[in-house]
Amino acid sequence: MSDNNEFEPKIIAYVCNWCTYLGADLAGTNRLEYPTNVRIIRLPCTGRIDFNLIVKAFEMGADTVLVSGCHPGDCHYTSGNYHARRRWMLFRGLLDTMGIDMERIHFTWISAAEGAKFQKVITEITEKTKQLGPYEAYRKVCKVS
Amino acid sequence: MARIGVFTCWCGENIARNVDVEKVAEAIGKLPHVRCSVAYKYMCSDPGQAIMREKIVSEGLTGVVVASCSPHMHLKTFRKAAESEGLNPYVVEMANIREHCSWVHHNKEDATRKAIDLVRMSVAKVLRNHALDPIRVPVTKRALVIGGGVAGIQAALDIADAGHEVVLVERDPSIGGKMAGLSETFPTLDCSQCILTPRMVDVGQHPNIKLHTYSEVEAVDGYLGNFKVTIRKKARYVDMDKCTGCGICWNACPSKKNLSEFDFGMGTRKAIYVPFPQAVPARPVIDANACIKLTKDKCGLCEKKCPAGAINFDDQDELITEEIGAVVVATGYKLYDIGKEQQNDKLAGYGEYGYGKYKDVIDSLQFERIVSASGPTVGEIQRPSDGKEPKSVVFISCVGSRDNAKGVSYCSKICCMYNAKHTMLYKHKVHDGQAHVFYMDIRAGGKNYDEFVRRAIEQDGAQYHRGRVSKITEENGKLIVRGVDTLAGVPVTVEADLVVLAAAMRPADGVEQLAQKLNVGYDEFGFLSESHPKLRPIETNAAGVFVCGACQGPKDIPESVAQASAAAGKVMMMFSRKELTREPEVACVNEQNCAACFACARACPFNAIEQAEIRDRNGNLVKRTARVNPGLCMGCGTCVAICPSKSVDLEGFTEQQIYAQVESLV
Amino acid sequence: MLNQLHETCRKLLEDGTVQVVIGYGQSSPDTPAYPIFVTRPEDVQQLVWNNQCFGNLTTYLTRKEVRAMGKPAIVVKGCDEKTLVVLEKESQIDRSQIVVIGMACSAVGNPPLAKCQACEVHMPRFADATIGQVENPASETDGRYADLEAFLQKTPADRMAYWMNELDRCVKCYACRQVCPLCYCETCIVDKNRPQRIDTSPTLKGNYAWHITRAFHLAARCVGCDECTRACPAGIDLRLLNLSVAKAAETDFGFRAGMDPEVEPVVGSYSEQDKEGFIR
C-alpha cells in the first residue's frame, strides 16, 4: 500500500491450479506487469470453490473477490468448472437480494495460455475497485455490535 | 508442536531484484511456529537443497515452505529432497514469489509486502498439512484391447510381446478392421492386406493373446488395475473347436444375395460366411437374419454337409468375465453415411450428389473394394450399374467434412491423400481413363505425402479442380457432375462414368455407449476425449483407460500404429510395477457425519464416490454413507464444495488449509 | 374429511401396516395445530384437519427417534408433499416404506398465507390415500415471486440496509434449521469448528454468514413451505432469501423443487449450455 492516502484495494483471487494459476505463471514468465493488490489462493479446480470462501474473503476485509478457472470444456477434471458455474449462477441471485455489491465479485475463465488476459483482468478489477472504494458496507456488517 | 522451516530463494536476481528477500525471511521468521527462516541464492540447486535438508534434521522440522518459483516448477524437487531426509513430502509447500510477484511487480516496497503475505499464507497452510502416504493399488497384469483393426492389433502385439496377457475383443467376425478391406495404402502403395495379414496371423497365434471375435464389451466394473469386464460373445452357430474352416458349408449355402459388409455393399455373401479369405479366425459365422434354417426352419444344408459336425443352430450368446488391469480403446471409424436418410438432424446428408439414388455414385471405401484384387470385381474397375469399365471418374473431396451446415466441422485428414491414391490406382488399371478431383485444399502433411500428390497430378495425369460440386444428375447413363474451378474462375462440368465421394470420417457406431461404460469422455462428434490434446493424447480422464487410432480423431495408418504402440507403452508402464501408486491428494468422507444425500456422488466427474452401508456385527444397518474410492478419485474437490454438511474433505486442499490461508490475510 | 382421515389412520394402525401416524393435533380450535405421533388405533381421534394445520410434518421423517418408531404414515398437504419428492431424490426416505395421506387444501391461515395465494398443489399428487377435494383449485398464478420482485425494486443500498436491520434481530436460535425438513444433516456446517467457516455469534457478521449459507444450501431444494419464516421468533422474512435462490433456479434452469420426481436435482448436475453472461 502506498504512503499517500490513496486507497489500495485488497483483492483475493481463488484460482484453479491447471488453468488460471498457470496463466498467472505465464504472465510472470512474460513479465507482464499488473498491480500488487491481488493475493492468489491456489485450488485444484474451481469446482472446489464453495461460496462460503467468498463470504469469508469479504469478512477478512477483501474489497473484491475474483474466482477464475478453466474454460468450459477444458477442465482438467472434465466437469468441475461446470459445477462451479452452476453454483455461481444460483449464488448471484441470493447476493443480489441481499444487496451485496455484485460489482465486487468477478468470475472469469482464464486458460493456461492466457497470461495477457490475466494481466488485463487483474488490472481492470483493481482499477474498478479503486473507483468503488473500500467495501465499507461489509466492514460495517463485520463490526462487533 | 509444529516446527516450520521457511526457505526464501533469491533465484539469483530473478526474485531478489524486485523483492527484498532478506526482509521477507526476517518478517516470516517472527511468525509463531516458524523455527527457522533463511534466504539463499538458489534453493533448487544442490547446495540449496542441502541447506533445507540440514535444517530439517537440525531443527526437527515438521513442515517446510519454500518461497521461490511456481510449484509447477519445483514442488516435486523440494518434496523429494525432504523425503530423502525422512520428512513426509506432503508437508512441503511452496509460495510463488517469482511468477506471481517479482516478475510482475516493479515497486520493491509493494512487491516485498505482497511476498510476505504470500509466504505467510503458505505457512498458515502448511501448519495444517497432513503427512500422506501414496495410495497403493494392486494391478492385474492383463490388458483389454477393444477393437481389432490395425491400431488394436498393434497394441495387442506390443503388449503381448512384452510378456503380458491381452484380451482382444472385436465386434466383427474377423479382426483386420477397415485396413483389411483397403486395396493399397499411401504413400507407398503397399498392398494393404499383404502388410496387415501377417500381423493378423501373429495375433491369432500369439500365446499371450486371447481373441474374442464377434464379441462386444457388455459392462465394465472396477477401477485402475482392477477392472472386471463382461464380454458378450455373440452366437456364431458354428462350434469353433470342431470347425476346420474347410468351406464346404459356405459353398453349399443357398442364401446368396446378402450384401457383404466387408465389401460395403458392393458384393454379396452367403448366410454362413467368412468375411474374407484371410480372416482371423478363419471360421465362419451364420447371419441369423439371412439363414433360412434360423428364420424359416428349412434348409440346414450346411449342417448336413459339415464333415466335422460343427454347425449348431441352438447356439446362444455367451457372457464371460475377464479380470483386466488396463483398457486400450481402438474402435476405429466409419464413414459418414452420405445418403438422404440420416439418423439425426445435424447430419443432413448429400442428396444432391445422388448417393443411394444413382448406382454409380459410391463412397471411398466402396471404391477401395472395387479396386482391390480380392474384391467383388476381382480388382477390375467396373461400374456398379452395368459392369462396364469407367473411362472418366470424378473424386469429390470433403463430402461432409469441414461443413458446419450439413456435416461435421472438422477435416477428416486422410481424404486428400486417398483421393490422390485412388486416381493413381485407377490410372494404373485404366490407362486411357481420366480421373478428376474436385477439392477445396490439399492436405498432405506427412513424410513423402506431398510428393505423392504431385505424382498423381504430374505423372498419372489426374486433373484437379479447385472447387466444390453443386449437383450430380444422370443423363443417358452418364453422370453429369457440375462443379466449379475457382482458380480459373469458370464453372466445370464433367461427364463421368463413376463418382467417388470422400465421405467424412466418423467414430464407429456405438462408441458413445462404450465410452459411458468406461467413464471416458467424448466430444460432440463422438471422438473419445484424451486427457490433454498436446501432452497426453493417449490417456483419458478414466485412470487405466487409453485410446489410440481413429476413435480419438481422424488419422491415417502410420499415426494409428504409432498411437497404438504409445498406448501399449502406457500399459506396460502400468504393468512394470508390482503395484500402482497414486497421488494421495484425494477426497475422503467422514462417514460418521455423512448425511447420505449423495450430492457428491452425483457431482463427481470420475464416478469415484459410491453409496456404502455401515453395518454392525450382527449385520444390521447402522447408517448409509458416501464413500470415496481412492483408486479413482482425481482430487478435484467438487464433492467438498457441494457437500452441505462438509462431511467430505480433500487432502492437500483441506477446508482447514484453505480457510487458514484466507484468514492469514487479514 | 376428518372422519375419513380418522378411519384411514385407524385401519392402518389396526392392520399393522404402519406403526405410527404423524399428523396434526390441536388443543383448541383457532390455535395453531401441532404435530402428534399416534401409535394406537383408538388415539386417531386426536388427529385434526383444518386451516390451522400449518406445519410441514415431513421434517420428522428424517429424525432418528421417529425412524425408530417403525413404518410411518404421514399427513401432508400438497406443499408438504413436495418435500417428499426432494427427500427421496436425496436418498433420505424410501417412499415405498411410507404411507402418505394427502389432504386436499385450499389454504391455511386466516388470512391465507402468502404461499397459499400462489399455490399450484392444492390437491396432493403422489399420495397413497387422498382425502378431500378442492373445488376450483387455483391454477398457478405468477404471483409466486411477487413479494421478491417487489423487494427487488429497492436499490442495492436499500436492500443492504434492510437486511442489516432485519438480520440484526437474529439471535441464532436455529429454529429455522430445526423446523426445516431439508436441514437433515447430522452435524450442521455451522456446528463444525475445524475450520469455523461460519461465525456462530449472533452478531451481524455471524447472522449474515449463517443466513447466506442456509439459503444457499437450500438452493433448488427448498419447496417453499415457509415454515422457517413462520418459526422465526424474530420475525425475519426468510422467505425472501429462499425465494431469490428458487427464482434463480427457475429462471436459469427451468427447475422447481419438488414438482417432478424424474428431474435430476440442479445442484450436482450441470449442462454445457448453462448461461454464463456474467463470466468473462
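Just so it is clear, A, B and C label the chains in written order, and each chain counts residues from 1 on its own.
We take it that a residue touches a chain if its C-beta (ideal position, glycine included) is under 8 Å from a C-beta of that chain, and two chains touch if they have at least 3 such contacts.
Keep in mind that what you see is a predicted model, and the values were worked out from it rather than measured.
Using the mean of the Cα atoms as each chain's centre, the chain most removed from chain B is C. Across A-B and B-C, the chain pair carrying more C-beta contacts is A-B.
Averaging C-alpha coordinates per chain places the centre of chain A 35 Å away from that of chain B.
Centre-to-centre separation between chain B and chain C, using Cα means, comes to 47 Å.
Within chain C, residues 189, 197, 267-269 each touch two or more of the remaining chains. In chain A, the residues touching two or more other chains are 56, 79, 83, 87. With touch defined as above, residues shared between interfaces to two or more other chains in chain B number as follows: 603, 642, 659.
The touching residues of chain B, when paired with chain A in their complex, are 70-72, 96, 98-101, 103-107, 110-111, 113-114, 117-118, 121, 521, 529, 541, 585, 603, 605-606, 634-638, 640-642, 650, 652-653, 658-659, 661-663, 665-666.
Put simply, chain A touches chain C in their complex at residues 51-52, 55-56, 59, 72-73, 79, 82-83, 85-102, 106-109, 121, 137, 140-145.
Note for the complex: chain A touches chain B at residues 1-2, 10, 12, 21-22, 24-25, 27-29, 31-34, 36, 39-45, 47-50, 53, 56-57, 60-62, 75-80, 83-84, 87, 119. The touching residues of chain C, counted against chain B in their complex, run 90-92, 184-189, 192, 194-197, 217, 264-265, 267-269. Taken in their complex, chain C has these residues touching chain A: 148, 151-152, 154, 156-164, 168, 189, 197-199, 203-205, 208-209, 212-213, 215-216, 219-220, 240-241, 243-245, 247-249, 251-253, 266-272, 274-276, 278-280.
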